[in-house]
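The structures come next, written out as structure tokens.
Next come two complexes built around chain A: one with chain B, the other with chain C.
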Partner chain A sequence: MSASILSKAPQPMRTLLGQSGVLVGILGLVVTFSFASPYFLDARNFINIGQQTTLLAVAAFAMTFIILSGEIDLSIGAVASLLGIFMAMTMRAGYPMEAAVVVGLSVGAGIGLINGALTLFGHVPSFIVTLGMFSIARGVSYALTNARAISVADERFLFLFAKATPLGISATVWYAIVLFIILHFLLTRTVFGASVYAVGGNAEAARLSGIPITQVRLLVFTLAGVLTGATAILLTARLGTGFVEGARNLELDAIAAVVLGGTSFAGGRGSLVRTLFGALLIGILNNGLSLLNVESYYQLVIKGAIIVIAVLLDRWVAERA
Partner chain B sequence: MMSSSATAIPKTDEFQLQRFFSRYGIYAAIVIVAAIFALLKPVFLSPDNIANIGRQVTLLTIAAFGMTFVILAGEIDISVGAVASMASVIIASMLSAALPWPLAVLASVAAGAIVGATNALLSVKGRIPSFIVTLGALNVVRGFSLAATNASTIIFRNDPYRDIFARSAPSGIPSPVWIVAILFVALAYVLHRTKFGADIYAVGGNAQLARLAGVAADRVKIWAFVLCSAVAAFSATVLTARVGNGQPEGAIGLELDAIAAVVLGGNSFSGGRGSLWRTVLGALLIGILNNGLTLMNVNYNLQLVVKGSVIVLAVLLDQMHKKIDQRKEQYAAGGGTL
Partner chain C sequence: MPPLVRLHAISKSFPGVKALDDVSFDILAGEVHALMGENGAGKSTLMKILSGAYQPDGGAIEVNGQPVRIHSPTEAARLGIGMIYQELTILPNLDVGRNLLLGREPMAAFWRIDRRRLYAIAAQILADLDLAIDPRAPLEDLSIGQRQMVEIARVVASEPSVLIMDEPTSSLGKHEEEVLFALIRKLRSRNVAIVYISHRMDEVFLLADRITVLRDGRRVTTQPTPTLTRPELIRLMVGRPIEEMQQRAQQHNTGQVVLEARNLRSSKRLRNGSITLHAGEVVGVAGLVGAGRTQMARVLFGADRAEAGEIWIDGQPVRFRTPVDAIRAGIAYVPEDRKGQGLVLSNSVRFNLMLASLRNLASGGVLRRARIDALYTEWIERLHIRAASGATIIENLSGGNQQKVVLAKWLARQPRILILNEPTRGIDVGAKAEVHALIRAIAAQGVAVMMISSELPEILAVSDRIVVMWNGETMGEMNAAQANEEAVLALAFGESAAAQDRKRDVT
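Entry: the complex of A and B
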């Protein structure tokens, strides 16, 4: 039915709808939820949605770079939890929060680099490499904490990355916005960004046209590692603890956000704007279903169904456009 | 920078050593790991412990059998753990309602097959990557299992069922091991002796070529998905008999271990190359590692670390030999400059 609407719509409108069917999904959800629940349109609820979406959005930014370059990373959730534990331990040992932030970002970069090196130089599929890393990160997290949460000792850390509310908006949201702007610039306005698309679209063609594909891919993995570190910072500040299960299944939600936005799972086609919308869709869905007191079990069912339906629709619209 | 043209060509005997490792590396790994455990903990080789390993490894092996078909066909299924959990809930619910066990087993496998068919149609006909489809299925199936049970464990009492699938041991071998053996023979026959099996290799190796050669690629992939989910559901028959209850999240994460077993055995992750026997070896290596490390009181956490490292290492070694094989072929073809 959306095809017939599309074919009658003027060209720019058609392009917009065709490119971001996810926008239609978001609008549909907003309308439905605002009729179904009096609290949904409340300003405070929007702040809630923003807060709930940011963590997922930042992790999904990392996943966007990885997927655009034609790879996958299953270790993001486990690594983010591990980095959170590292940071909480650093602060507990009496180091200032700056040290903890450096630890989180640099260890994240290191892990991303290892993932990348094993994938690229070892010729092991990234699915397998990051599956192994997932297992390792979880194991180390358990071993370090015995499954106990390690509370963050530094109030400054909690304030700066979670509790502060400049202009009434949570610090977490601000960080996500700043990251989005920087990363969007990186992806759309730099040679590196163009190379990411080229490598993911057709690596062989990219190589023949002189793009250093190995460096580009390695950089993508490292960047994803740094962003996983950023996710860990925001996560740890919000939870107030470093915890093994802190970011459980985050990688799957991040993949869902990227794909829901309409970024091609095969690489080379997509954008961070799409990912932002994908994350927002999941955030609004979770929020609305909770407001409507839908049991968490059925939220899983609905989320799963929407992932598949969205991709199916996207494919369908793309074919008729 | 990009080309590896400067790399020296390995000598022929080095090639053969590599080929030997590629073919028998997994045997060597199993023997070496087993030998280390046996030296450190003599009880490792006791008949009781060997029976234990067999019992512990069945669930994983059965699920990995199904995964082998999907991976060989060039696809992936990450809903296996959720499907097995669902099957376990179905069996436990039906048995607690005093229904006969064969009916419960049949219903659970049928439910699994239905999930598999849905995955298959969405992925093959809807042309959605199987990772995404089965990610969706994982959420849906898990959500339904949790909702149906209210996230609680379902207890039942049915001794004949548990005797057949968990306890009784003809000739001292635990019954789950017999079940795996029978399933192996049946599935290996399908994979290695039928046209469907040959088609799976063709489709996984190069779907386009297979289509041109007249293979009904879509149908082959669809049946691979159905088989995978049905077999995953059947693994729950053994699991449920062993633990004596049905848990809505009892087998969550099974898919990752199954993928690990398939790849550890040396099956190509991109499809088209491998065998069911290799999967058995991969699962056995994981089982021996888990058992031996537990015997040595290495806690579960570090076992995760070891398992993760072994998976990556094994595939790394496998890829190294493959690359050298490729270079040798190029060289033999008269490329000269490598």
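Entry: the complex of A and C
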């Protein structure tokens, strides 16, 4: 056995170390907040954190697939808001909630496919394509609503996707758990998942190994679109309305969750487990800062600083190891 | 007359290779000095040291009798040393004039470029070199050959006293070649010293006053051109001791044609490539760097489109649009750039082994753990791949073990046709012998193997038949049992078999 093999710890160990950074971060926040606020350790607050994290987590799942494949999607938040408005309008027009759900998921898939097609066939970087899509979705949302919220009166919709609490846990959380299990399986146990890692790790090697890289990338964008639709369903049910600012900055929080989890921004390396922890970290941070009555402007400042510092620390530790 | 530039006892090592060993080389004002040698002989390294791109480990450089240290291409330029690279370094978004005077533009008031003067100077430069190119033409409108001339003109315009040309004619047409040769003669008459690297014998004998031959990082000889003949020159370039690798393996050629390709052309330096592969046979593809071997392999694998030519597999015409089509037809391709094209470096050994067989390892799109484990265990054992575990990140393996993983990835698919591009590049001697034995064993099982290699001893030791390419064309082929290094190298330098016969008749 040569020395070069031993110079870096094998994968399981590295994964553990990679995740421990996030775990230490989560633990540190929990300790800090429980001393700073008497409400933080309350059971009801944990349910709150769970609910707040799930929306972010589902959006971050979409972002994980995108980033693993070596791309980026800046349109997730604006598109989720737009899809919420579409669904609210569908139900207001008298259609059943099933129709609204189909609209949310299929329009989401369509938008994802468009993002992918423009990136791949138009040879425009996904950063630019999705930046444009962000603006378009925003604009259409304003035009449709005149910046007013459209309320959802369908009780079945609200119950099924937000108010129901099987086993005392919010429906939103259950959906996120189910999605996590399905997507984790997809990513780690299927031909598609392996292809995503290959395309993001080295697209040319993947192509020369017979992996249909264009199809894989299109599928990733489409899947992200469907997951944006799922986010929109949970969001609209929670808020009871569809409106333009429904998912403000969601894409940025999702990117932050993926990166904090330790998924490589260059693609090809990372996992959904990591993203889940990353989302939890951001959820706890948001919740704790609100409990401490930190003004929302400063919350943004603190959040931004913590994200950058966390990644810096991670780099630093990784280089010393 | 003292030499303009003197390189004395230059040595340079890279990890695992001694690229230059005690090489001395001098250039006189007003001469064309050709630098000849096989791939990897050290020509480019030596010139990169002279032009400041590399630092020598040992030795001294003198310019005009003064000892100098050249730390960067900018310093080389200040000393009057200009280099024209094989790859174009001009900027396609600017016009001819702007390119010619890049970084030395004449200025008007307020830091503006004086365009009138710029184009006047550019026109003068072009006229001086007898180039019929409009200085205001955007570079995109120029042919590749014209761009190459602009590149040359740009360096010449800085009036160097030493001009290094590395394969300047590789992308030129016949007429442009004539213009270039006239230019070289003109510069020589102005007392410029020219170092000329070329793989084309005709040019060297036409232009050079002296020839220096490098072999395996050492200088073999420096002689005036009239004292050398072509066969002598080739012998000097080859003349290495024949290694123990020479033992001939027995042939397994069953005679059945598996793949035939005729007159392949692709946009990238492949003009007329043909090859026939038989079951159970190793065909070595020899040639110099840039001869079009990789381009032919990529067309056969569907990685690049063919503009012309035909491919038959088992006598049936085929047309590959993507590698997926070629893989389905039973072709496997091990690329020369292991890290850039062969492996997903950031992932594990197990993952990389799976990569070409994903469909076979799954049912209904779901990967089967047991099949992956079986694949891993089988190939780690069969190719003696040394990795701590399947989860080891492949970046941490040695070059030899990495290459074995790429090979195993394809062997796991049981290909009928295996195309290998520089299969032993950058791996150590022990692993090399293992890979050679492996290639023979694969052929023995009836696989048609095509092996591109720039190492002649490897070609001669492993192949049953040898195909030689030169300048984008298949020049000829020979049975390995009757081949020797001189014959292969003569073809690789563009000496056609017919021309050799003619010379043999004369002598």
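In this text, the second predicted complex is superposed on the first by the 303 of 321 C-alpha atoms of A that agree within 3 Å, B and C clash if a C-alpha of one lies under 4 Å from a C-alpha of the other, contacts with A are read in each partner's own complex, and residues count from 1 in each chain.
Here is the rule we go by: a residue touches a chain if its C-beta (ideal position, glycine included) is under 8 Å from a C-beta of that chain, and two chains touch if they have at least 3 such contacts.
Every value quoted in this text rests on a predicted model; they were computed, and no experiment measured them.
Of the two partner chains placed by the overlay, only chain B lies in contact with A:I255; chain C stays clear of it. When the two complexes are overlaid on their common chain A, residue A:P212 makes contact with chain B and with chain C alike. When the two structures are aligned on the shared chain, A:N202 is found in touch with chain C, with no touch to chain B. Of the two partner chains, chain C is the only one touched by A:F192; chain B is not. Once chain A of one complex is fitted onto chain A of the other, the partner contacts of A:V308 are limited to chain B, with no touch recorded for chain C. Contact with neither chain B nor chain C is seen for A:T165 once the two complexes are overlaid on the shared chain. Once the two structures are superposed, chain B and chain C can be ranked by residues of chain A touched, with B on top.
Chain A uses residues 207, 212 to touch chain B in one structure and chain C in the other. Considering their complex, residues 1-2, 76, 122, 126-129, 131-133, 135-144, 146-147, 151, 256, 259-260, 263, 269-270, 299-309, 311-312, 315-316, 319-320, 322-323 of chain B touch chain A. In the complex of the two chains, the chain C residues touching chain A come out as 301, 303, 322-324, 327, 333, 335, 340-348, 351, 354-356, 358-359, 361-362, 365-367, 386-389, 391-393, 396-398, 409.
Those residues of chain A that touch chain C in the shared complex are 1-2, 4-8, 10-12, 14, 189-192, 194-195, 197-198, 201-202, 204-212, 264, 268-269.
Contact residues on chain A toward chain B in their complex (touch as defined above): 72, 118, 122-125, 127-129, 131-143, 207, 212-215, 252, 255-256, 259, 265-266, 295-305, 307-308, 311-312, 315.
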